[in-house]
Structure formats: C-alpha cells, structure tokens
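Think of it as A, B, C, D, E, F and G in the order they're written, each chain with its own count starting at 1.
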Amino acid sequence: MAKKESSFVNMVITLFVITLTASIALGFAYEFTKAPIAVAKHAAKMKAINEVLPEFNNLPNEEIYKKAIDNDTLYFYPAREDNKLVGTAIETFTNKGFSGNIKLMVGILPDGSINDIVVLEHKETPGLGDKMSKSKSDFSLQFQGINPENFDLSVKNDGGDVDAITASTISSRAYCDAVNRAYNAYLKGGKK
Amino acid sequence: MSSILITILFLSSIGIVAAIILYLFAQKFKVLENPIIYDVEDALPAANCGGCGYPGCRNFAEACVNSDSLDDLYCPVGGQETMDIVANLLGKEAKQTDPRVAVIRCSGSFKNRPRTNHYDGASSCAVASALYVGDTDCPVGCLNMDDCVEVCEFEAIYMNRKTGLPVVIDEKCTACGACVKACPRDIIELRKRNKKDRQIFVSCINKEKGGIATKYCSVACIGCTKCFKVCEFEAIIMGNNLAFIDSDMCALCRRCVPECPTDAILEINFQPVRTKTDKENKTASDKISEKVKADIKE
Amino acid sequence: MNFIIIIISAIFVNNIVLAKFLGICPFIGVSNKIETAIGMTGAVTFVMVIATIVTYLLQHYILIPFSISFMQTITFILVIAALVQMVEIMLKKVSPVLYQALGIFLPLITTNCAVLGVAILAVQNDYNLIESVVFSIANAIGFGMALLIFSGIREQLELVDVPEPMRGVPIAFIIAGLLAMAFMGFTGIV
Amino acid sequence: MNKLLTVSPSPHIYGKDTTPNLMYGVIIALIPAILASILYFGWGSVIVISVAVISSVLFEFLIQRFLLQKKTTIQDGSAVITGLLLSLCLPSNFPVSLIILGSLFAIGVGKLSFGGLGNNPFNPALVGRVFLFISFPAKMTSWPEAKGFQTQFIDASTGATPLNIIKEGLGKGDSISHLMDKIPTYQQLFFGNMGGSIGEVAAVALILGLAYLLLRKIITWHIPVSIILTVVIFTGILWLVNPAQNADPLFHILSGGILLGAIFMATDYVTSPMTSKGMILYGICIGILTVVIRRFGSYPEGVQFAILIMNGFVPLINYYIKPKRFGEEVKNG
Amino acid sequence: MRINQALKTYKRGGIHPAEYKLTDKSPVQILPLPEQVTILLSQHIGVPAIPVVSKGDTVKVGQLIGHGKGFVSANIHSSVSGKVVKIDSLPDLTGYKKPAVVIEVEGDEWEENIIQSTDLKEDITLSEDEILEKIRESGIVGLGGAAFPSHVKLILPKNKKAEALIINGVECEPYLTSDHRLMLEYGEEMMVGIRILMKVLNVRKAMIGIENNKADAIYHLTDIASKFPGIEVYPLKVKYPQGSEKQLIKALTGREVPSLKLPVDVGVIVHNVSTAYAIYEAVQKNKPLINRIITVSGKSLKKPSNFVVRIGTPIQFLIEAAGGLPENTGKVISGGLMMGKAFNSLDVPVIKGMSGILVLPEDETKRKTIEPCIRCSKCVTVCPMGLEPYLLMPLTQDGNFYRLEKEMVLDCLECGSCSYICPANRPLLDYIRLGKTDVNKIIRERR
Amino acid sequence: MGTTKEIKHPGVITSIDSSKIKVNITTYSACSSCGAKGICSISDVKDKMVEVSNTGDFSVGQEVQVILHQTLGFKALYLGYVQPFIVVLITLIITSSLTRNEVLAGLISLGALAPYYLVLYFYKEKIRNKFTFAIKKQEQ
Amino acid sequence: MNQWKNFNKGFFRENAVFVLYLGLCPILGVTTSVINGVGMGLATTFVLLMSNIVVTLVKSFIPDKVRIPSFIVIIASFVTIVELLMQAYLPSLFNELGLFIPLIVVNCLVLGRAEAFASKNTFTSSVVDGLGMGLGFTMALFFLGGVREILGSGSFLGFKFIPGDGILLFILAPGAFITLGYLIMLMNKINKKTA
C-alpha cells in the first residue's frame, strides 16, 4: 500500500476534514438522541415517584424544589391531582450504610404518614443489605402507611419499632436514618 | 442546531491544533526503525533461544538487517531454510552453513563403567563435577544427572535410565548449543549433520593412557591409532591418547568402526552390519538409535 | 478531611486496579521487576495529574458551558494524547540526555485506560480542581502500590515451580484476585 | 571392600526438624484450642473441624493426583493445618456444604494453583476463610452462643460476638462504658465462654499453643509479639484519647481472632517474611491494619484481612529488608 | 565440668549439632610407619609444589621433595625415609589426579639438623626474619582446615598492622578432638609456638579461644599461660561454627571482618593451635611439617583414637589401626561432619590439612528426599554470615549471577549450617558453592 | 536476568564521529514477543537514540549494550516526571488559594511547566555530564 | 484470502482476551452478568466493525504522520455514537456498563485492529476481521459473564435456577480476576492440545 507523503498542508487538511466529518456526525447523533436521553434520564426517577405516591396528574419533576435542612440538601417532588397536593416524594440519603451512601425515594402523604419507599441507589452487600429493596424482601413493607409521629423510626435493637433485616442491622439502621431525614425535612418546611 | 455548530467548531479546531503539533513533532524526529526488521523477525522461529548469539530473535533480526553481509549470522533453530528466506527478504546472500547436531561423546554406560562409589548430593552434574570425579573412576565421563537435559528448550535430549547416558533426538535437536555450555565435562559436541542423521564418532574424551583408561571404562578410547591408520579421508586426528573424528572430513565409510578394539567408535543410524561382537556397548548404541526412533513415533 | 477521604478511598478502598479494573493491561503486561514498577508510578503520577488538570478545565469551562458534554470521550482522549506527546517533545527539546535516560529506564506506557478513566471519574465525582488533582495523585499511588506488590509476588514466584498451565498470565490473575479479596477488608473505611 | 562408599558434599549430618515434624508440631499446638472449641460448642465444632480437615486433605490429594499429576504430599500435614485453621475460624453452625466449598477454595485456589506447599503467596486457610466471609456474609456472621453439649447445635440461639456488639453500638452512637455491660467479662473472654468462631474464643488455649510453638522453636517470638504489642499500643492510644468511643486494649486482644491470627496464621512460614526485622515490620503492619479495620472499617473483625494484605507485601519486605550481614557492623573493639 | 563464667560467643546464627567427642579422653598414640607413603605435591591452597626428587632417589625424613614456588605455595617434605618409587599423577580425595611422590619406607632415618628430643625449648633465639624463613622452609600450612600457607599470613601488607593474635582452639566440629588433645598434651610447646608467632607479628597480646566443652584444656592452658606473658585463654560458649575465623574474631574482640576482607583488616591474625605447635617444632627443632594429629572416630568404630600420623600414610592404614572398617559403613569423611569431604575411595593418603577421619554408618549418612522450600527462614536465622540461603540456591539454579553477587554469596563460609537445619532437606550449600564458583568466574572475567 | 544495578539495553550503532557515537536503542525484547507490538504507542515515531562519547573500537551497525546505572534511571525519572509534578502541584495549591479561580489556577499551574523546562534547559550541560551512558560490545 | 480463516483467527486462534490479553479492563469490569458482558461485547464489536470499515475506506487519503490521531478521532466518534444511542435506548444497560463505554476508545484491540489490519487490507477482509475480533471479544465476555453469573448469583441470563444467593465473591471484583485466570488457563490448555 502506498503511504501518502506527510506534508504540513495535507496533514492539517486531513485532520481537519476528519474532525469536521466526525463532529458533524456527532452533532447530528446528539441532536437525534437528545430527546430520548432526556426521557430516559428521568424515567427511573419518575418510576420511583409513581411508585411511592398515589395517583397524580402533574409533572412532579418540573415542580421540583430543594431544601437545605441541617446542611443537607434534599429534593422534593410535589405530586398533585388536579392541583391538589396528594403527596410529596422526597429524595433522601444516608451515609451510614454498610458500604457507602444509600439513596431512597420516600413518599409522604399530606397527613405526614409514609405512603411507600423505594431504594434508588445503594452499595450494600448483595444478599444482605440489599434486602431493603422491595424486590428482595418484605423489609420495606413495614413502613407503608405508618406515621412517624407515633412510630419510632429506629430498629428494635435500638429501642425502636422497626424489624431489622436479619444480619443486616447496619443497613436497616441506615435505612431508618434516611427515612427520618426525609421526614424531618418534610416537617421542617419541606411541607408545601 | 447551535450545539452542532459548536461541536464542529470545537472539534475541528482541536483537529487542526493536533495536526500542527504532530507536524512539529514529526519534523523533529525521523523514523529510525527500519520496518523490514519486522518482516525478518516474522521469518524467524521466535524461539528466543539465543543460539544465534543474540539475546533474542528480535535482536538477531536487527543484526541481519543492519550488517552488510549475513556471513557471520546463522539461526541454528531455523536452519539454512530460514536464513535463505531472510537473505531473500534483505536481498543479501546467505552463507551456506552445514546444519549441525549434538552428539554425546561418552559411552560409559552403567555396564561399561563399574561404579566405585555412590553419590548422594544435589542432583546436578555441575555440583558433582566440582566436588569429585563422580561415581565411577572416570574423571571425564558423563555424570548422568541431567544438566544437559534440563537446559534443552527443544526437549531434544533425554536420559536413558537404563544406560545412564543422555540421548539426543536428532530430529528435534536444533544445534543451539545450550547443552554444550551446560555440560561441566564438555562431553557434548556439535557435529555436522549427515544424511539420515548418520554419524560416526569416537564416543570418548578420555586422555589417559590405554591401560589406565580401560580399568574404569571398557569402551574408552585407548589411543591405539588403529582407526587413524585405516582412515582414507584423513578425518581422524590423534592426540593425548585420544582419537577424534572430524565431522567435516568424515565420509561415513565405516571403515574405522570395526577396527576399534574397545568399540569406542559409534555409528548411529546405520543399518546394523556387524553382529560379531557381543559387547554391551555396540548393541547399546544400536539400541539407542532405535530407541530414539521409537520415541519419536510415540 | 475531605482530601484524606479521597486519598484513602482511591488508594485502598476503591483501588484503581483491584476494585475499579482500570489499567489492567500494563498491570499484567509490564515487566515484573520491582524497580520498573517504581519507575512506572512516578511517570504515571505526572501524566495523570497533567491530564486531570487539562480535562477538568475542558469539562468545566468548555464542554459544560457550551453544553456539549457528550463530546467528553473524544475530546479527552485527543487532548490527553496530544498533551503527553507535548510533554515528551518538551523534555526531548530541553534535555535530550534526560529523555534518553528515561527511554532506557521505562517502557513508556503512559497513555493507558487508567489515565482516561481517572480523568472521567474525577469529572463524574463532581470534584473541584484541587480535589481532582488529589484524586488523580491518589489513584496513581494506588496503581503504583498494586503494581509494586504484584511485581514483588511475581518476582518471588519466578524462583518456584508454578504448575505449567498456570504459569504467566493465569497465575497473575489469580494473584490479582486474591489481592483484591484482601483489599476488600478496607470496605467502609471511608 | 565390597560395599561402595557414599559420597556427598558437606555437611554430612542434618538436624532433626523435617517439614512434617514442624507441621505436626503446629497441629499439637492447636489441640488445646480444638478441645476448648469442642467444650464450648459441642457437636457443631466436631463436625465443622472434621469436615474441614477431611475435605482439605482430600482436595489436596485429588488435585495433586489428577489435575497436576504430581506426587501427592498430603502426608506432610500442611493440608491438615489448613483445614484445621479454616475450621477454627468458622461458626459452629456453618453448613457442611459451604465448609467443603471453602476448603476447595483454600486448597485449590489458595495453594495448589501456585504449585503447592511453599509456593503460595497468600495464607490458604485465610484465603478460604475470607472467601467464605465475603461470599456468605450472612452465614458467616451468625454466631451460636457457646453452650457446650447442653444445647443442640442445630438450633442454638445466635448471639453477636463482642466485637459485633461494640461495632454496632458505636455505630448507633452508644458509648463504650455503656456497651461494656453487654459484653462478656474479661474472665469469660479469657476462657472463651462467648460467641464467635469456634477456635478463637478461648484465649487461654491459644496462649498454651503459643507457648508450645515457642518452646519447640517452631516459630520465633517476632511475629506474634509484634502484632499483639502493636494492637495494645494502638488501641491504647485510641482508648486514652477517647475512652467513650474506643474499647480498651485488653478487650481488643482477648476478643475476636487476634490471638488465633497472630499465633497461628500470621506465622505461617510460607507467607511471612524471612528475616526477624522483616517479621517485626510485618507484625506491626498487621497490628495497625487490624485496628484500622476494626475501628474504622465496616467489618467488626480485621485480622484476617490484615494478614492477607500483608501477605501481599511479604515479597517486597523480603526484597528490601535483608538480614544484617556479617561485617556490616564496622569495628567497635 | 563446665566453666561458669560469662562466656563469650558471636551473636548471629549458628547451630549446635550433637558433639560426639568420643576420643577426647584418648591420649595421642604414635602410629607405626606404613610400608609406603604417597605424598601429594599439592596439599595447600595455592600453587602446587614442584618435585625436586626423581624416581629411584633415596630420601630421609624431613628432606625437601617438593619446592613451593610462587607467593602462595608451600614446601613439601618427605615424611619417611626410603626410596622414591614413583612420581606420577594419583587421585587425591576428590578422585581427580594430582602430582604425587610415592616413597617406599626403609627404616626411619631423619635429616641431621632435626632435633628429635622432646625437651621443651623455650627461649626464642631467631630473629623475626629468620623465623619467617624457617616457617616458609618447613612448609607449614594452616592446620585448622584451610591449609593456607602460614608464612603468607604472617607477612602483613605494608599499611596494615596486627594488634592481636588469636589462637583457634575451638574445634567446634563434632567428633574431632585432635586440637583438644594437642592442647592437653603439648600445651607448653604450643605456647612457645604462640610466643614465636607473637614475635613475628610484633604483637603483645594473644588470645586462645576454647569452647566450653573442653574444660580440661581450658584449665590446663590457663594454668600454664601464666608463664607466658601476653597469652590469655578465653572460654567460649559451644556453638558451631565458632571455629571459623570471622566468627571467632567477633566472639573474642567484638570486631567484624568486613565482607571480602581479611582478618588483618581488623588488626587480627588467626592461627590454629596445631599450627602454633607445628611452628614451634619448625622454629625450635628445625622439624618441617611431616606429621600431624588426626582423630579417627565414629560410633561404629572399634577403637576410635587420636594418632600422630606421617603425611602420606594411606587412609586405609589409619582405619585398620582404629579397628578396621565396620560392616555397615556408609561414608568415610575427611575432616568434620559439617565441613569435611567424603572419600570415594580409601586409597588416598593423609595430607597436611586433614584433622580427622570419621567413619559413619549407612543409615546416618543417607540424605533425605528434597522437598520444596517452606520458607521457614530457619536457614536465614542460622546463617552466621547473615545470608539468605533459601534465596541463593534457586538463584544459582537460575544462573542469576548478578543477583547472587548482590546477595553477597561470596561471603558464605560453606559452614553448612543452612543445609543442616533445613527441614525440607534442601541441598542449599551444594548449590551455594556452585554459585560462589560461578560468581567468582564472572568477577574474574570482569577484570 | 533478575536485578542488576545496571540497566542494559541492546542497541545498534548508527553513526560514529570523532567524539560521539550514536546508538539506536532497540525496543524491549520483551515487547518483541507481544502480540500488540508496534501498535502499543500512540505515536509511531520511535525515537530512541542515545549519544555516547566515543571510546574507540566500535563500528557502525555493531550490536552493543547500552548501559545506564539504575540510580541514574531513578534520577532521570525524578527530573523528568517527579519534579515537574511537584512544581505543578505547588503552583496549583498556591495559585488556587490566592486567586480562588480555578481556570486561572489550572492554567498557571500547567504553564508552570514552561519555566520548569526552561530551568532544566539552562542546566542542560550539567545534566548531560551527569547522565553518561556506557556502551559495551554485545556479549556473545 | 480465505475469509473464514480470517474470521476464525480473530474469533478463536488470536482471541483478543484469551490469547492476546488485550482489552482486559472492560472484560473484568462489566461481566457481572451475561447480559452486561454481551452488551459490552456488542458495543465493542460495533465500534470495531465501523472503525475498521471507515479506516479501510479512507486509509489511502491519510498521511502517515496523522494516521493514528485520525484513527483515534474515528474510533472516538463511533464510541460517542454508541454512548449516545445506549443512553437513549438502553439506559439501564448504560448505567451498568458506566465508565467502560468511553473506555472502548483506549481498548488496544480497537486501535490495534485499525492500525495493524484495516489500514493494510481490503474492505471485505477488514469487515470480516472486525467481526471476527469483535465476536471473539464478545464470546470471551459471554463466557466470563456466564461463569460469574452462574456462580455468583445462581442464575443465567437473569433466570434464576439455584435458589439462594450464590457465591457472592464471583460477582465482586476478586471473582472477576480469578475466573478470568482460570479461563485463560483452560484456553491455554485447549490451544496447546489443538496446536
């Protein structure tokens, strides 16, 4: 194969042409996928909000507001059915997990009771800590419908009302911590 | 649409800058590697054995490319064929080198050399040789502790446990010379490879006078000069009570073989002609060569 | 405190090689000599830091403002490659001898996926500039440490009789696995 | 003279120690710990120990014989030790199938992949243990209480180990003085009447083993003493600085696997440094890592990881730390 | 009877093999003359001597038969009177052939100038140079094992000065008692020998190091030492290889001879007790080195004894004198169990450096099968030189000479402690010795 | 060949003049057996020339060993990578704490490389004298 | 040129992972399950194939000195396209593969093929080569992912056939190394036998 001579001009031109073509291709690819990506990005969160709250017909992620409470910033997604607040999904977290942070979506009804909780993100040990996910065990079901006002959000070991996951007290405790954080934030002005 | 424009602008400018940098870079340095080295290297067997005298095939390839003639360069593993290919690639002449093969110049099998003591140290010819004469009284014979076998990368030597002598598998031997270096007793010689791997040589390096030598080994060369006298090709050299057959001169006429009173001359890979002697050595040497054949077939 | 966490995390807990699987090729392939491992670490640290600074600036002051972060991959790789070359040119120009000495000393595998990986990770973790730099240094040290332990074990294994089929790359992976297992002990320290 | 003389290089006499001798010495040193474990955990312990030992030896035999096609070396006793030590750091209710899996990993991956005795860079028993610990954390962290033969092992009530109690307690913000009430007394810790792996609970039995090993000169003092001293000093400092958050040194030494690890596992010849200076450095690092993992990491126990991590550094220690050569000390007389 | 004072010793490494000093109570017997002696012309480290007699010559006891030419070499004298029957190459104890003179014994006629009386001659009349010349002429070599020509050691390099003389009466090898008996029976003569050495070296102080298992020798020598100013006796803890000069110097003076350096570099010269005695005889009695004390011992031997033996006597003859070779003999060793060389045949003559002949039964000598190194570090602990035998062996097998050199393989004393202790029966020293040879070779090439 | 205090490299002499010998360093022999040879570097320009002072008796095309002391290798590493790294780091810390402006800090710290190399450039001769290579004939 | 041979070379005889030891990072990083492994493998195959195609098409226009930068731009563009497409249509897979998608750029395999093969060979050979290499890579990921998923979670392709949790180690980092180690050993043995 005959190799092309490398001269200054043809080097610059070739590279220019190639980058030009590449960038045009990329630019179009980006434009093309822009919308689906945006949808996909929010899909997970929307799914979680849908799960933890009762029926609503607004777009909670467009009404998102954040609140800094005790140095922690939490995100609130108010859900409304015909403009009436039916609940608020709160994206909360804890760093007390067995390994790393845990992110939850907690759905709180206007009366302050918990509707449902889903786990957004965690690094807990599969088979142990990950039992807090709904798909893995019934641990999270015990939170449905309770009102923290008359339910101590800490594990029974620590004198609370929560049944810990067997052999995963730490994860359970962290879970409670995250829920508590959401609830406190909700009380301290997250309630809108 | 603006993002497409920005994309284009940004990436293209990176492209131009990169091109300029590369241009400057290229200006500064020229390609030094001769790409043909790769081709030469590909033609080599990639054994990296060092038999050519270079640390690896790659270095040998460079030597081939960079030197004016290939006269001093030879890859024993690839042999003449490879050298011809290399020569072809480089447009140079390859010197015609005779292929070689290793032979063991000791016939002091267990039967031929009475054992005078029992060695119980580390199993290494080098260790034993540095310590003492060995478990027979022969100070130059094979110690049969496998130093040569271990060092051969081509599995071309094995130890015949019955005779206590190493055997070279002619077909596998590449004449890399590793065993020659490893043997503390300098028993192994690289000899010219003949047709059908035939070989005639004095299988002994003992320089003692005959009387003493035969005391500890029944097949020692006693320096009687009988073979020397009968050789028509001046292939046999006498010296220090020892005969040596120069493989480059030997015509494989087999005349010397029956002359030797101690059967110190071995013929390998010939049809057996002689049955008159029933000495263990003779039969052993034939057996060795047949055994080799059998082994290869396996 | 934040820096300490970043450092410990990158060296021990999320070691770039043993937990993040980056830079495996040089890890497995580079000469198994202890000295070379040390040399590599020095070179990799420099390259990673420089790369991180440049990519950080690119990301935060060009890609994000112009909202073309999807160009991350292509720009990062180009910029890193060009940068590494530029440093080499500079070195060569400034002191040819020095450059030659380095060339003999190290197999310069300075552009590997660990460098790009660290640059991207620094961006993903939302670090600021200083944090990114600390992060990349710590990762380089983590890389060096893993490489060093590894070369030590391999040098030792050269003296013993490893079963034929395991020799070389397979046993290297087993060692890496057991090492990774041991390093799991650091889980949760940060 | 009809018989042939034997010739060999010097020396012509040899000491009495042989590999199997040393290995069996270690097994003897483990007997008190084995007895203590049986005393406290009853049948569970018997089953765990015998399954681990038998399967380790069996795997060593099978792999060497059929996969590696080498001479088998099960008679040298090292596989027995691996099995024993693996079992001694398991809970007494550990499922048999998993014990077998652990032995397979210890012997197959940890030892024979490298060619067997003498070649492995990591301690096989610990490789097995950590493998099980990481793979089956739930089963590895339910500790039947020490109840001896009175209770049926199958349904023994599980309790936390002292270290677990501390780790957990601190995790939820309790102070040490408060937690100390919940853990066994020092006397219990010393004699082993508590929850934990079957072999690590009885400090006294392990110390007996140490005495035997030292007396028979199977091991030297360097590794165990440097580990234990480091742990004492390090935890001592933490304790003095903040007694509310840190348990005292004695508690740290007596609870968990520090003694078992320091005496029997860190001292494994194959995976520990060759020089006394190296051994002390190795011991100090193990001590520090153990405390760091216990105090700051997620796992309540850190010895096993600390030893394995330091196993990785051993070749480097051997490379850089050389014995003091004769003639280095320039004259002083 | 043991001495209960703070015993000196060296710190690093060392082992304590069973002592088996079977002959420490047997007085030295004079062995009758054999019919024929074979005197090797190379009995020392260095250049072989050149024969100065020819076949058919008659020689007297003490007559020069080999001239040591070159700086490091030693004269060889006839140990018997009789006729030279052969000058040929004959196997030494390695089995390789070396030049030798064979003499048929006729009578026992000594050179005239040799004083045969056993009276102690205490006053040293010769000057330093005369003494040195005497020692050189008499073919004295170190009798402690290395057979290094003694006069060479006594000629100090120009810029070096000796501060003390150390006399090596350690005899740390199992079985051997020749030095022990010499100290008991020829103590005074030896002391005079030491005084001679002190005079040549111009030192005021001589220290005799003796291990604690020879208490009688310690008492005896301490007793008579009072008569010899400057000489002191030091009891030492029993530990192998304390007899090695580097270790002995460390034990007695606390000084360490640096790697690849000589004892003079720390201001000491070491000589063996037997050497001191041989020097006494050479200087005071004009007697060259023609005989020595040899321990013939072994548990299965009928009469283990200490003999005064003429150089060149066949080994077979000594063994017969000690009761004959027992049935179950496996190995016969020249020297000690730890450092000695095994004979491959008994048709070998006694040489100057031979301090003992040990007969070992078969079952005691078998080496066990080699197992993989378990990295127990016992060899490292035990190495008196602070080396790492477990590493040196595979490095030798790999041919990694550069690393071997860096790991200081050349410092190895070849004491064998590592092979002795290794639980995996590894032939460490076998390979280390090979490694030393190879490293020496590359060092020579480098020059 | 294990560890030596020297680093050796095979090379081929490409030119000789009265005082200098130029040696072309050949790539690692370990690389030559690698499947990815020739493609592992981002650039295809293989610049590995070494200048050695002429100590006689060498000829063009000859195979030689280029020898560098290990300590020099580390020294080169220090000057070439470690020291500039430290310079960058320090400038970064100082400028960012002074300016609190990331762009500026980043650019200045990268720019700090320029003066560093300038300084290095002034020391060129010194460095040249320090880093001496030796060449030796190929051991046969 | 026998195209089948050409394909088989990349697919088996010179398998990037098992024989050439290239592109090891993604191999280890993404094989916690078969799906992830195969996803990554196909993504890489796509990039490999496309860049091979483009490179052989433009090879004669590119001056030598800018060859490699040009190839990088080409490869990086395809990687970005894959990245964007995955983000849009396979977001969950994209999240799992994470960092390793952009890292396809530095996978020596891709650049190596462009440089060593596509820039020297015909269009068809390059396509076949890209397919062979890519599918060989995918196969390696498939096996590694398969073994790890079966041992680690007791399931295959997400279908759980062993109750319980499986051997956790195998889905964690150490398991990746160890499994790959033994797979390479097996491959060595097979290669030796067939050779």
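Convention: a residue touches a chain if its C-beta (ideal position, glycine included) is under 8 Å from a C-beta of that chain, and two chains touch if they have at least 3 such contacts.
A quick note: this is a predicted structure, and the numbers were derived from the prediction, not measured.
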| item | value |
| --- | --- |
| Minimum number of chain-to-chain touching steps separating chain D from chain G | 1 |
| Pair of chains joined by more contacts [C-beta pairs], A-D or A-C | A-D |
| Centroid distance [mean C-alpha coordinates] between chain E and chain D, Å | 48 |
| Where chain B and chain C are represented by their mean Cα positions, the distance between them in whole Å | 45 |
| Inter-centroid spacing, chain G versus chain E (mean Cα positions, whole Å) | 71 |
| Per-residue multi-chain contacts in chain G, two or more chains | 21-22, 64-66, 69, 72-73, 76-77, 80, 84, 108, 165, 168-169, 172, 174, 178 |
| Of all residues in chain E, the ones touching two or more other chains | 341, 344-345, 365-367, 372-373, 391, 395, 398, 427, 430, 433 |
| Sequence positions of chain D contacting 2 or more other chains | 5-9, 109, 115, 118-119, 131, 134, 136-138, 298, 318 |
| Chain D-touching residues of chain E, taken from the complex the two chains share | 12, 15, 17-18, 174, 246, 250, 253-259, 261, 266, 325, 329-333, 337-346, 358, 360, 362, 364-368, 371-378, 380-381, 383-388, 390-391, 407-408, 411, 414, 416-417, 419-425, 427, 429-430, 433 |
| Contact footprint of chain C on chain F as seen in their complex | 3, 7, 9, 25, 28, 30-31, 34, 40-43, 47-51, 66, 68, 70, 72-82, 84-85, 88-89, 92-93, 96, 102-103, 105-107, 109-110, 113, 117-118, 120-121, 123-124, 127-128, 131, 133 |
| Residues on chain A engaged by chain D in the complex (per definition of touch) | 96, 98-99, 125, 127-128, 154, 157-158, 166-170, 173 |
| Parts of chain A lying in touch with chain C, wherever the complex brings them together | 22, 26, 30, 98-100 |
| Chain C residues touching chain B - in the complex, by the definition given at the top | 62, 66-68, 71, 74-75, 78-79, 82, 85-86, 89, 92-93 |
